[in-house]
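For reference, the structure is listed below as structure tokens.
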Amino acid sequence: MTKKKRGMGVYVAGLFGFLYLPLFVMFIFSFNDARRNVVWRGFTLKWYKALLHDTELMQAMLTSLELAAAAAAIAAVLGMLASYAMVKHKPFRGRGAYDALLNVPLMMPEVALGVGILTFLVRAGYELDFTALACSHALICLPYTVAAVRARLISLQESSLEDAAMDLGATEWQAFTKVTLPLSMPAIISGALLSFTVSFQDFVTSFFVAGIGIVTMPIKIYSMMKFGVTPEINALSVCLLLATFTLIGLNAAFADRPDEASRH
Amino acid sequence: MGEPISRRSFLKAAVMAPLLPSLLAACKRADDRKVVNFFNWSNYIGKDTLPGFSKRTGVEVRYDLFADEDEMFAKLRAGAKGYDLVVIGDYLIPRFRALNLSEPIPPGALKNLNNISARFRRPVYDPDEGSVPYMWGTTGIAYNKKKLKKPPTSWWDLWDPKYKDRVSMLDNVRDSIGVALLMLGIPPTTRDPEDFRKVREHLVKQKPLVKQYSSASYLNSLVSGEIDLAMTWSGDLFQTARENPDLDYVIPKEGTHLWVDCLTLLRGSRHREDTLRLIDYLLEPDVAAANANSVRYASPNEKALKFVDPILLKDPRVYPKGAMMKNLRLNAVLDPEQSELWNQTWADVKVA
Amino acid sequence: MDRALSWLLGGRRALASHLLLAPASLWLIFLLVIPAGGLILLSFAKNGPYGAIVWEFGLQNYARAFDPKYLPVLIRTIMFAGATTVLCLILGYPVAYFLTFRAGRWRNALLVGLMVPFWSSCLVAYYSWMIVLGKEGLLNTALIRFGFLSEPIGFLYTPFAILLGLVYFYLPFTVLPLYASLDKVPRSVIEAAYDLGAGRWTAFWKVTLPLSTPGVVAGCILTFIPCLGDFLTVEILGGPRYYLLGNLISNQFMMAQDWPFGSALTSLLLAGLVGGLWLYQRWEKA
């Protein structure tokens, strides 16, 4: 019995090794003092220094951050409203359709989405600018915020705190602002952080929808790869990884906050 | 209304704050500040060229790069506005005109146009001289001297089964289809679908040998040993060979294309005057020479040749002479129907 | 004001629900439904010279999609996506099982850990694999050092590399739904099976596995459908010699400038999506 347990643990460890090995290698070689990144020649920080001096790159980073913030904010608001209606309201006609539709961005091949939005915007004469890209990202992030908030709302529902508040004389609006909203804050933030991450690392949709001058981090990495592979790309990728790690970690912290409602 | 609202609005404000500078920046970009938006190939200009221009004229140059001609074309086609100047291959000039993407440079607008050598004036692809030649070069074969026992001499070497999985071809319609037509002895102006069927079969036959179809990253593959032979553009190879002397370039005996990359003014440019100043600047002999020395392509600028590095001038691979020159031909100018046949054939080859 | 908002939130009338959902649905309509519709419309148009669009409607683009020229691409795509899904399922199920039943305290940490490669952008992931798989990369160097090889093998730009990249990227798409589903399996039912004398394997095979079927189906759909549209893996790790549907579509909108044909291909992809969605909805309710 213990052998089987250990076997499975070993397997999972191996799989995690498979997942992290390339990233680890990339990390190590970002310090390699050689242009052609194959033989270890010595430790250096020069690629990271080059990153800092690369203004185009810093611009791309800034763009990605702004984009992600905008997308996360929009998705959080939309998601909050949508999941409130789906969870708290009594079943209404068309709810199934909304449900299905909200799942679509998750399942949709990004190339179809990117191409569709590109075609639509171009033929409608709309310029492919920051706003367009931010809105497209918000669409992709929507399922994540909806899922995050929805799970929370459902568990809150079970503890009937809102109902208790209303029994005590509060209106729906008061119950919402004083009970529901504060208690679902961790979930909203968690959803927002997930959205931020999704938007930050998104490539395919940005590739098709981004106009000139909108260069996000992944797009910059892609063009750097096309021009030729140097350790600078490693350094950049490591930065992207670190950012992701931080965001996921933050998200985990928020998602795991003790449920005040469930303590009762 | 105490805590919960303020927490929420704080979050939203904190998140919206970064948007403000970008909104402001976006507004700034859309104005008539002294700037030229220049779209060019990667590694295709000297390091000090643009800073030199800015210093002299006070006009800022926003320099954007592309690694893929088709990606550039697709972006401009999709209506991405904002660029003033772009460097495109000669064969794209009629296409840009037909699609209203470009604007011809008014005759007499440029001071230094006469610096260009006679053989590049009033070219067949642009008789009205709405564009300005920037660099010219050839398409040939790059190879790793250490890996190949005998240097390649013919395009057919890229079809040699003994190089299976060690070959790379340019991911580009004009070069790949053009070379195939050349090898099969078919005139490039053909409209016969049967000819294109032969071309397609010829290229598909090569496919098992080809490790990569790429227009830029193949250079890295050459260096790292993933491939040993590649269809390449002259200057790109020479730039790579600077740090990797194992690599060499050869113009195959069947001959090849001489292509010219041209500076083209884009329609809707909001900085026309400054753009023309930039073009004039790029036509100055010492500037043109500095560029040519840096990117290792051949300069069409007659007056610049005396400033070009003599080693490059003497190198027949960079500036082909005499008999070899006769073997080089300009790209044929294709009309839409022919373009479509070329595009279609190439697409079919990629798909097979 | 309070009353209006309370009415909205109360949800006693369907209108309130629709209004609250309005922002989200506006987004979905303008950025999902209308573009999809636009694509379908465009797929019936003709491509003019130099990529201009001619609004003469016909089925020629769809006929072309099933032309023996392009059929290999469709078949190849389905095979790659299918192989990826199967591999992800086989490799991922034990992980999901472990997370649910064996991980205990480490469960959340491991979940987070599983997600990181997924969130770190496909580009970074594939680029890292390029470093490992290259002729002078880690794998070859290690194999040569330990005497398994005398000369490096070209791992890159092969179907092997493509499959590796695809499985690497889509594994979490499979594991997470599996985990979610396994988590819902009531332990009491499994205990009951043991009480009735079933061995570990039998209990798993006859109880746990069937109960996790919604997760399996969800995982497969969430892996297969997006995988059908993948083009980056082939571009970076494949050559691109092994053209997949995603590459073909991307090409139509970039290089080939044949938007109508590209739209037709995308519409086929969307049809696959709708099918997948329908399946997903059915199993969710189950």
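For clarity, chains are labelled A, B and C in written order, and residue numbers in each chain start from 1.
In this text, a residue touches a chain if its C-beta (ideal position, glycine included) is under 8 Å from a C-beta of that chain, and two chains touch if they have at least 3 such contacts.
Since the structure is predicted, the reported quantities are computational estimates derived from the model, not experimental observations.
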Chain pair with the most C-beta contacts: A-C
Farthest chain (mean CA position) relative to chain C: B
Between chain B and chain A, distance of the C-alpha-averaged centres to the nearest whole Å: 36
Intercentroid distance (Cα basis), chain C paired with chain A, Å: 16
Overlap residues in chain C, where contacts from two or more other chains coincide: 134, 136, 253
Multi-partner residues of chain A (at least 2 other chains): 38, 77, 118, 225, 229
Set of chain B residues in contact with two or more other chains: 68, 224
Of chain B, residues touching chain A in the complex: 1, 3-5, 7-8, 11-12, 15-16, 18-19, 21-22, 26, 29, 37, 39, 42-43, 64-68, 75, 78-83, 216-217, 219-220, 223-224, 243
Touch list for chain A against partner chain B, complex: 35-36, 38, 62-63, 65-66, 69-70, 72-73, 77, 118, 122, 127-130, 177-178, 181-182, 185, 189, 192, 211-213, 223, 225-229
Chain A contact footprint on chain C (complex, rising order): 2-3, 5-7, 9-12, 14, 16-18, 20-21, 23-25, 27-28, 31-36, 38-39, 42, 91, 94-95, 97-98, 102, 108-110, 112-117, 119-125, 127-132, 134, 136-138, 141, 168, 171, 200, 221-222, 225-226, 228-232, 236, 246, 249-250, 253, 259, 262-263, 266, 269-270, 273, 276-277, 280-281
Residue numbers on chain C that touch chain B, as the complex places them: 49-52, 69-70, 72-73, 134-136, 152, 154, 156-157, 239-241, 243, 248, 251, 253-257
Residues of chain B defined as touching chain C within the complex: 68, 70-71, 73-74, 77, 95, 98-99, 165, 173, 207, 210-213, 224-226, 336-337, 339-340, 343, 347-348, 350-352
